[in-house]
Every structure is written in C-alpha cells, then in structure tokens.
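Letters are used for the chains, namely A, B, C and D, taken in the order the chains are written, and counting of residues starts over at 1 for each.
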Amino acid sequence: MYSFKNDYSEGTHPSILEKLLETNLEQHEGYGLDTYSEQARELIRDLVQDPSAEIAFIPGGTATNLLAIKSFLRPHEAVLSAHSGHIATHEAGAIEGTGHKILEIPSTDGKITPTGIEERVLEHHFEHMVKPKMIYISNPTELGTVYTKEEILSLREICDKYKLHFYMDGARLGSALMAESANYDLKFIHEQVDAYFIGGTKNGALLGEALVLRNNDLSDEFRYLMKQRGQLLAKGRVIGIQFLTLMQNNLLFELADYANTMATRLRNAFSESGFGFLIENDSNQLFPILDNKTIDELLKDFEFYVWQKIDEDLSAIRLITSWATPERAIQEFIDKLKELKPE
Amino acid sequence: MYSFKNDYSEGTHPSILEKLLETNLEQHEGYGLDTYSEQARELIRDLVQDPSAEIAFIPGGTATNLLAIKSFLRPHEAVLSAHSGHIATHEAGAIEGTGHKILEIPSTDGKITPTGIEERVLEHHFEHMVKPKMIYISNPTELGTVYTKEEILSLREICDKYKLHFYMDGARLGSALMAESANYDLKFIHEQVDAYFIGGTKNGALLGEALVLRNNDLSDEFRYLMKQRGQLLAKGRVIGIQFLTLMQNNLLFELADYANTMATRLRNAFSESGFGFLIENDSNQLFPILDNKTIDELLKDFEFYVWQKIDEDLSAIRLITSWATPERAIQEFIDKLKELKPE
Amino acid sequence: MYSFKNDYSEGTHPSILEKLLETNLEQHEGYGLDTYSEQARELIRDLVQDPSAEIAFIPGGTATNLLAIKSFLRPHEAVLSAHSGHIATHEAGAIEGTGHKILEIPSTDGKITPTGIEERVLEHHFEHMVKPKMIYISNPTELGTVYTKEEILSLREICDKYKLHFYMDGARLGSALMAESANYDLKFIHEQVDAYFIGGTKNGALLGEALVLRNNDLSDEFRYLMKQRGQLLAKGRVIGIQFLTLMQNNLLFELADYANTMATRLRNAFSESGFGFLIENDSNQLFPILDNKTIDELLKDFEFYVWQKIDEDLSAIRLITSWATPERAIQEFIDKLKELKPE
Amino acid sequence: MYSFKNDYSEGTHPSILEKLLETNLEQHEGYGLDTYSEQARELIRDLVQDPSAEIAFIPGGTATNLLAIKSFLRPHEAVLSAHSGHIATHEAGAIEGTGHKILEIPSTDGKITPTGIEERVLEHHFEHMVKPKMIYISNPTELGTVYTKEEILSLREICDKYKLHFYMDGARLGSALMAESANYDLKFIHEQVDAYFIGGTKNGALLGEALVLRNNDLSDEFRYLMKQRGQLLAKGRVIGIQFLTLMQNNLLFELADYANTMATRLRNAFSESGFGFLIENDSNQLFPILDNKTIDELLKDFEFYVWQKIDEDLSAIRLITSWATPERAIQEFIDKLKELKPE
C-alpha cells in the first residue's frame, strides 16, 4: 500500500548509492575534511556565486536548527517564529534545550510578516524580557506554502531595521525553489538571508543537510559547535558524497521538481473532482478537504494523514510526494479518486 | 599511500551497501521505528539474552555519550572519567555543554580503578561540590587497552557500593571483545554495566552507534531526549539496516577480529625487530616506540601519527588497523620495517 | 511625590531591621543552616501543619522559579503557563535558560483553567513535542486576580489526572490569602500544590522568598541545585531572620492585609467617582480605567504606570499598594481624585 | 565559643545597618537603578579612575562567577583555573551548569602561572577540544596567598598573547589589597584584569559582590544576563547601600586591614611558639601545622577547621579572621596557645 505520509519513507536516489559504492574503499580524512565534502562545498559556492560562504554538513534538520540558533545567539537573545514553525512545535524543545526562548508571532498559512516581527520587537524593550535577535522561517513552510520574492525582501528589510539575523530552515528548500510561486533562485536566497540549510534528507539523500553560512560573523569557529553538539560525523564523507551527487547535474533540483510535479497532478485531480484545499500552495505537500466517506475509501488503498477535522462531514488530509513517488502510484490514486468522485 | 591513522578512513563493509541497495525503494516508518531497526534491536537482545533491553541507534559516538550522560544525571550530578577518556578531552566540552561536570580521576594506561573512584566519591561529600553519580569508561580505552573481566567486576562492585551508574563507551567495543585479554563476551558486558554502546562507525558501518540501556530506569522516555538533541534521524533505517547487517552472521565481531589480527601482525613485527611499546595492549591500535630515523623512513610510505616524544632519539607512533586494512598493506609495512631493522 | 508603581519601592518593615540589629554580632552557621533560618522553617511547618515540608530561602522570585522548575523537570519536560505568567514574559528567558520550554495556554485575567491544560496535554502526545509535566500559576496573578478554592481544587484534579506537578508562584501570596475572594488559608495551598513560594520581597522583607516543597520527591538534594545556581547565600541568616520576623505574630499576613485594605480604599474611591476597571480583583493592585485628562492630572502628584490604552480617550492605569503605603498618601490620592471627579 | 571557621559568621558592619535604617522608608527605583547603587558605582569608578567602568551588584560570589563566565564565553570556550579555584571545586558545578568546561592547570599554593596557561592553550589546538578563552584566579587564593604585582603583570601578558579574558574572583579582594605582599592597589587590578569582583559578603556586608567590568566588550547587555540567571534583586538598593557605605571613608579597606592584622597576630603567636605553616601567606587566613594534642586542646575553647593531616602526629588547621573578630578573642586564643606551648 503506497504511503503519501512523508518524503523520507524511501532510501536514497540510486546515483548516491552508486557513488558511495564507487568510492567506498578509498581512504579519506575524517570529520568533513574529505575531498568529496570539499567538492560539494565548492559546487554550492559556485551556485550562489559566493566563494567565501561557509558550508557545514549536518546529519539532520533539528540538529542543524539547534546548532545554528545556539551558535548565533547570546544567552538572553531569542528567536522569532510562527507557532507552526518546526522549531516551535516539533523539535521536542531542542532550541529551549540550548537555553533560548522561541517567541511565537502571528502567521498566516505558516508565514510570518514584518508587522508581526516589528510588534514583538517593540514590545520587548528592556532587560526583564528576552531580546529578539533572530527570525526563523521555513521555506516552504510546514504547511507547504512558499515565500515570494517580495515577502523575503520585506523580511530582510525588517531584519536590517532591527539588526536581527535572518535564518531559513530549508528542509524542503528544493521544493520551494521549484515551486511556481518562488520567483527566485538559490542565489537570491543566499543574498537575502544570513544562514539557511539546503535539505538533503527530504530531497533524496539518506541523511544530511547543508548549512550555508553567508554571514561570516556567524560562522566563526562553527566546527567547534558542531563537535560539541555531537554533530561532526567521523565519516563526514557520507554526507559530502551525497551532496556532491545532488549538486552535480542539477540533481537536487530535478528531484524536487519531480516531487512538485507529482503533487500538482494530485492537486489538479482534486480540483477537477470539485474538492477545495485547506491551504493554497504549490510545493510537494497538499491539504485537500474531503468528505469522510471519500477519505475512508482512499485509506483502503493508500496511506496518508488525516490532518484536521473541518466539520462533522469534512476533514483535510495531507499528502506528500517525493523524488521517489512512482508515477504509477500517482495515477492509481487519481484513478481511485475519479472513480469515487467523477467530475 | 596507505594510512594507519584511524579506523574510519574507509567507507563501509560491502554487505552493508548491498543491503542498503536491496531495500532502497521500500517505504518504511521514520525515526527508527522501521522494520530493520526493530530487527537489529532483536538480534542484539538475543545476543545478550535480555528481551527488555532498550536499544537506540544514534549517528555518532560523541552524540551518544552526551545523550546518555545528560539523560542519566540530575543537574548537580557528575561523571567520573580518566583524563584520557574521550568525554574528558576530545569532545569539545560536549558533556559540560549539557550542564555536567566531568571529574577526572587517576588512570593507568587509560584505565580507572575502584580506588580512584572511591577516593573521589568520599571527597565529594556535601552540596558545595558536585555529586559523583556515574562512571565512564571506554573499552578498549583511548590507549587501546582492554579491561579484564576482574576489572569490570570490581568497577561494578564499587558502583553498587556508592549507587553510581556504570556506563561504557564502546566506540571500538568489537575490538575489545575480540582481544585475547577480554575473557568475556557481550552478554557479560551487558550484565555488568547499566548502559553501553556498540560502536558501528569504527567497526565497518558508515555511521551509527547502538546504545544499549539495560537498566530500564535509565531508558525512560529516551526517544524524547534523542529528538531534543537532534539525534533522531528521519531515515532511521539507515542505521538500522547497518546494525542488522553487522549483527547477522556475527559480522561485527568478524570485522573486529580481523582488525585485531592485523594489529597483532604489526605488533609482532615490531617485537621481532626489537622495538618496545609505549603501552602494552592487544586491541586494534598499537603504540610502538621507534627511533626517529625509522619513523621518517616509514612515513615515506605510510601515514600514521607520531604520538609522543620519548626522548631526543625516540618517539612512540600510533598505528590503527581496521576491518578494511588490506593484508597487502600490512605485509608491505612489515617488509619495510624488516628492511629497515633486520632482526 | 508618592509612587504607586510597585510594592518594592521601600526598604523593610522596621521590626526586621530591629531583629537584624539585635542579632548582628552573633556568630552563626552559614548557607542557611543557622538557628534563625531553622526557626523560621519551623514556624512555616507549624502553620501548614506538615512537619516534613522542606523549605528553602532564596534571594528572589525569578531565582526561585528557575530553581524549582529546573529541579522538578527532566530535560524534555515542559511547564504550562499563562502568557501573562511571570516566567513566560518577564524573566528574560530564565526558564528557557535552564533548558525548558514554557507552553503558553489560554487564560482569562491571568488565570488558567483545567480545560486549557488538558487540551495542551492531549495535543503533546509524542516525542517530537516536549512533554507537559508541570503547571505554573501565580497567585495572585500578575493582573491581581486571586484563584478561588474551587479553581485550585480543579487544577489539582487535572494535575492528578495527567501526573503534572502543581507549582505556585507566591511573590504576593500574602495578598492573595488576605483577599476576600480567597476562601482558604496557607494550609489549604500547602495541601493542594506540590511546591510554592511565600514572597518576602513584595511583602515587607528586604529580599528573600520562602520556597516550600511539600512533595518530598521534588526536594531531594535541593541544596545542591541552589548552590549550583548561585542561590545559597553565605549569610543565609539574612533571609532566615526576615522570615522568622514575618512569620511571628502573623506579621506577614498583617502587612499583606494592610496593603489590600489600602487598595480597597482606592478601588472604592474610583467606583464612587464612576470609573470602571480593566480587571475586577481584590488584591493589592488595581487597574482603573480613566480618561486621559484625569490621568494627566493625577500624574502631577503621584507616580504610577499607565498600563494599557483602551481607546482615544481612555486608558487603564496600574496602582500598587504595599505594607509601606502611608494612609496619608491614600487619602491625598482620593482627595485629588474626588476633586477631579466629584461623585 | 568563638569560631575562626570563616569570615561570614557575623552579620554586617553597624554603619551598614545604620544606613539601611536611615534610608528605609524612602522610595527608590528597583533592580539596581536606585540612587544609592548609582552613588556606590560612582565611588568605585572614582577609585579606579575609570568613568566608563560598568559595575553590577550581585547577591553572592558563586552567582557572580557563573554570570561572568557564562556571559564572557561562547559555548565551546573554556576557562582555565587552578584545581583549588573556587569555581573548580566548591561551586557544585555552577560553571559547567552554564555549559562551560573548566580546564584545571597546575598551581602552587593556589596560584597559576603563565607557563601552565601556555601549555594548556597550546595543547588545545583543534575543534575536538574546548578552546581556552579565559583565565580565572582568586586573589587572595583559596589558600590565602596573594598574587604579587609581577605575577599579575605576567598573567596579563600571557592573556594578551593568546587573547584570553583575565578574570579575578575577589571574594576577599580587600584582604589581598591590604596584605603586605600586594604591592599594588585597586586601580592596578582594574587596569590589568578584564573583570573582577570586590567581595562584600566576606568583608563586612550582609550580602553582595560588586562585579566590575573594565572591558566594555564584556559588559554589553549584562543586565539581561543578570535577570535571566535570577540575580537582579527587586530591592537592589539593599546591596547598593552596603557598597556605598563600604566605599565611603575607605571602610572596606579598613575592615580588611583589621582582619589581616588579627591574622598576623595569630600567625606571629604560632611562629613564636615554634609552629610552622602549611602555606606561607599574609591575608586573613592562616594554616599553621600543629600536633594533634595542641589541636584538641584548642578545640575545647575555639572553633576552627582541621584542614589537612600531615602525618600521624601533625595536622594543619585553618583559622580565618574578619572585620568582626574581637581583639579579645585573638588575645584569648594566643594566651591559650602560649599556655600550651610556652616559647
């Protein structure tokens, strides 16, 4: 039974396993100082046209977030986030575990705004309150929405106004960049935010995220921080080789584009069958609103999460596609849907 | 030029890559709840004959140590370790980073003793000093020595006397168990210590350590702790599949045994050439003392660390073998040595 | 110009200075083990009729909160609080600084409810989210409201249902207990909550809070925690003598009662002049809503905070009375008010 | 029975209580922003001739140390200290509790040296080890020895060489400055170290230490840190008034000088009776070596600590004098000693 529960259900893109196999018995330096990690870093630097960017490969997303935030902030400084932000809700207190408060600010469909930021910054005006010093956004957000160019520019502006670091969680950054609504590329992201990560785990790697630190004030002695939090893998090549493969021939973006395309097919099918959506978005996750009977029928053949009850009859479900979703599974799902709800 | 610098220079045992390939497109639960992780856990439980043992797969050794120690101790409690202990010296303050003091106690060739423990416990008798609550040993130690059965029993005894948790860092546990001086098996370890980890990274895995929590008082809600420290990989199967492979058909122990055998060949060659050792040991690392001229000659053909200056003429070097060290490299090294120092 | 800004503007009740003077040259044990601290503890134990209660004297309220919460929780556990809760908003991230998340739940006039608690507990059902393990309430709340007996019993019930610790910040506990709406005494509080503190600083002491740990599971080795956080004063007698004085002859409650009485006089005067209140309450702070012109006039003769803008014409102000507020200042304020707004 | 156990057994100098009484009913700003705290700061700034020095009043010594060290260091940075250093041994892991490792270096009679610092700095050369970034000394040390001008200058030099912060724990700084061996004044200290505290608790105050931050890079937003660690007292005037009193008319130094003089009298009496010392020093604590019989006799009339067993017959004891030690107690002690051991 095919599962649309998430985009990390399968292993890794075959070309990654191939490269691991091909290089397997070579001897390399440990702890991320190997040739392949260095080559992968170079490819990223080329892509964003910034030879001085620092890049750290870290096993997972929560680890990356806690490392970055702990490293960027002084003890009394706080990070602003949407309530739906991964750090705010789904990291088991990882950020607080490093000593920092997350200040939740209003959001719409997972996105925060300059107004929400400014209000909170102004409210926190003296030493009895934590000092807002950083904003956290996910792009796409946890609800699959993608920030527009204009939105990112306006966040940059408010960060400059109040001297806040701008940090982007890019667990699915490939999907954001391949979305139609994202009228920008990685280089644009790089120029606007102080630090961000390019997600590997949810984009075809076995594990690993590439944290890019554009602002070199923030990267100073970062490897110490990685080691101290247990995030410097002895065989750092494992992640290096994966990102080298993903960054070559545009693979990372192709995989993301494929996932988005599969999501769009599903989205179109729902629309054609007359269903609406909890959230309008165009990345690799979708939240159609269905009647419970249709949901029950679909669950007989596919796995996915029932996301939110709308009323007695209707619920929103969540479907996620990935680089590994077979076209066949998409087609079967659509066929089943059309069978249940002919247009 | 072959490197004897460490046992994590190569990738992974081919059967692991094979299994990754074979299972690659299967869909599995995330975060270590997949079938393979569960099967690997069962194999470990069978081996130690303890169906209630809790087992957590964690990406690396420092991460495992900091998770375990943070989880086992209350804020004012401390862990006792040798100065050469990995946590004390080579983890960039990872343990202190979680809020806990490491109390260093005397050691010989990396091993601590009940006397050293008892003296420190008695010295720390009131609330102006941290409270010793746990001992940390590495087996083999960072200097390659292996604790004997009797030594482990005596540490257990002192831990019982003072209600200390007994924790073993097993980054190279396979090598310890396959050493002649280890007159015991994994089940014995399991019965004597409260928690320990079976090292994967240095024993043929790409990454990953298996933390075994025998004492169930210590394992309560451990997955929360893993998540909070960013150590719960989304594709937990990656480590699960590796340990499943390593635990099947005794592979983990065979690889360790092979590494030890290669080290013994080198050790014998040094002895036969009349060289002594900084430390007497029988695991997969050795510390022969050579004259500087011989060292320089060997460095022309092999990589290894010059470990410690002994006097003007002599230094100890460190050689580490692994599951991947080719017999050919061993033979070439020995040939070169014999050429330089005929018996 | 008399200030109604807070209840810690003056020094200390004269009888405390007298007792400090009287005992000044006596020699005593340090770190809270002196005779006077012990006597003060006994008086509290007598009052709550619990000989096994543990009592710790701590210099300030934020220190007490962070010590208690850090000590009671495991790393992944969180505390539930109103957004207006002191720990949530006005302690500069002190709780997060010890590694713990504060989960904000809905509140009305500063009070939380079993429903809000239950909803949050149920939402946090797995290891990707922090585990709610404790509730924090202030009594009176930061908005001056006082929990009723029934409310406290219902909170106790929900804590029992979900195995949550029940903790009360009593920075102004005297004022709560002396309020008419509090149909209970200190013994009742003691029996219902697991731990609470009796505020000294805001009730006539120079400094110091008495943390009472009824639940002895929570008090184990608490002095270590105090020392580790720098909260064990060498001259612990300083706080001990103050609480001894406050607990003798009911002084603490008399001072609180006086403060409440002064607040009531002001409250009545506002009512008589036709003003309403932002919040209805009966402890030692009040939040009348005035027109801006009246506010400006009052500010010519008295200091107080303009708390919240209501509309173009109206704002709520905050007035706080204390054990030290002279009846004369109250009378002058009332006279001025009546002059501005004759009934 | 008079106790020579420590210098915080009594209350406070009478002029401090007088000043507290005199100012008691005045209303003042909270949290250290009152007039008296500001005046006290000015007096300290005048004394060290540095108008830009930042000064924070903190309730106790451990609190001051943990605040300073936490504030000055990034997460992976460590502080160097003697094993006898208060932070290393007698603060219940307060520093590690904030996340930082203390690296112990060799010391003689409690003093560390540039050589010991340099060796440790050079040893810690890469990201698998914490980065030494700060030195901690106590002056006088925990063993009563006082750093000389030359020693302090040489420590400054090594700090400059390796860009280390230089921090001095001055719990008994008055006693150090009044010692004959200290050929310098407070201004010299101020110019050489980056931060230090002037101890109040052990020099006649009820509580409180004055942390002086000369290096303004280290003082940025320090009040946030104080609040976050629960060290910003609501009635900050309590410490401000004490330091104002102590800094006026040289009182702090007079009290320290008196304590030193009393210690010298005792020291001379021991010498005259033919006893030697465990440690040669000239501050307000002394460590004479006595035969056990003499110790037992003295303990019948006085309280003090038996510090260290020397052999079967001899032990070192510790005596501490203070501003409050009556001359009469000194005389009685000397009389008893002479009676036991006529010259």
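One rule holds in what follows: a residue touches a chain if its C-beta (ideal position, glycine included) is under 8 Å from a C-beta of that chain, and two chains touch if they have at least 3 such contacts.
Because the structure is a prediction, the values reported are computed rather than measured.
Common partners of chain A and chain B, by the touch rule above, are C, D.
Using CA-based centroids throughout, the chain positioned farthest away from chain B is C. For the interfaces C-D and B-C, the C-beta contact count is higher for C-D.
Chain centres here are Cα means. That of chain A falls 43 Å from that of chain C. Centroids of chain B and chain C (each the mean of its C-alpha atoms) stand 51 Å apart. Averaging Cα coordinates per chain places chain C and chain D 34 Å apart.
Those residues of chain C in touch with two or more other chains are numbered 75-76, 91-93, 97, 99, 127-128, 130, 224, 227-228, 232. Residues of chain A that touch chain D in their complex: 70-71, 74-76, 99, 127-128, 130-131, 221, 223-228, 232.
Against chain A, in their complex, chain C makes its touches with residues 75-76, 78, 89-93, 96-102, 104, 127-130. Looking at the complex, you find that chain A touches chain B at residues 2-3, 6, 8-12, 14, 17, 20-21, 23-30, 59-67, 91-94, 97, 201-202, 206-207, 224, 227-235, 237-238, 324.
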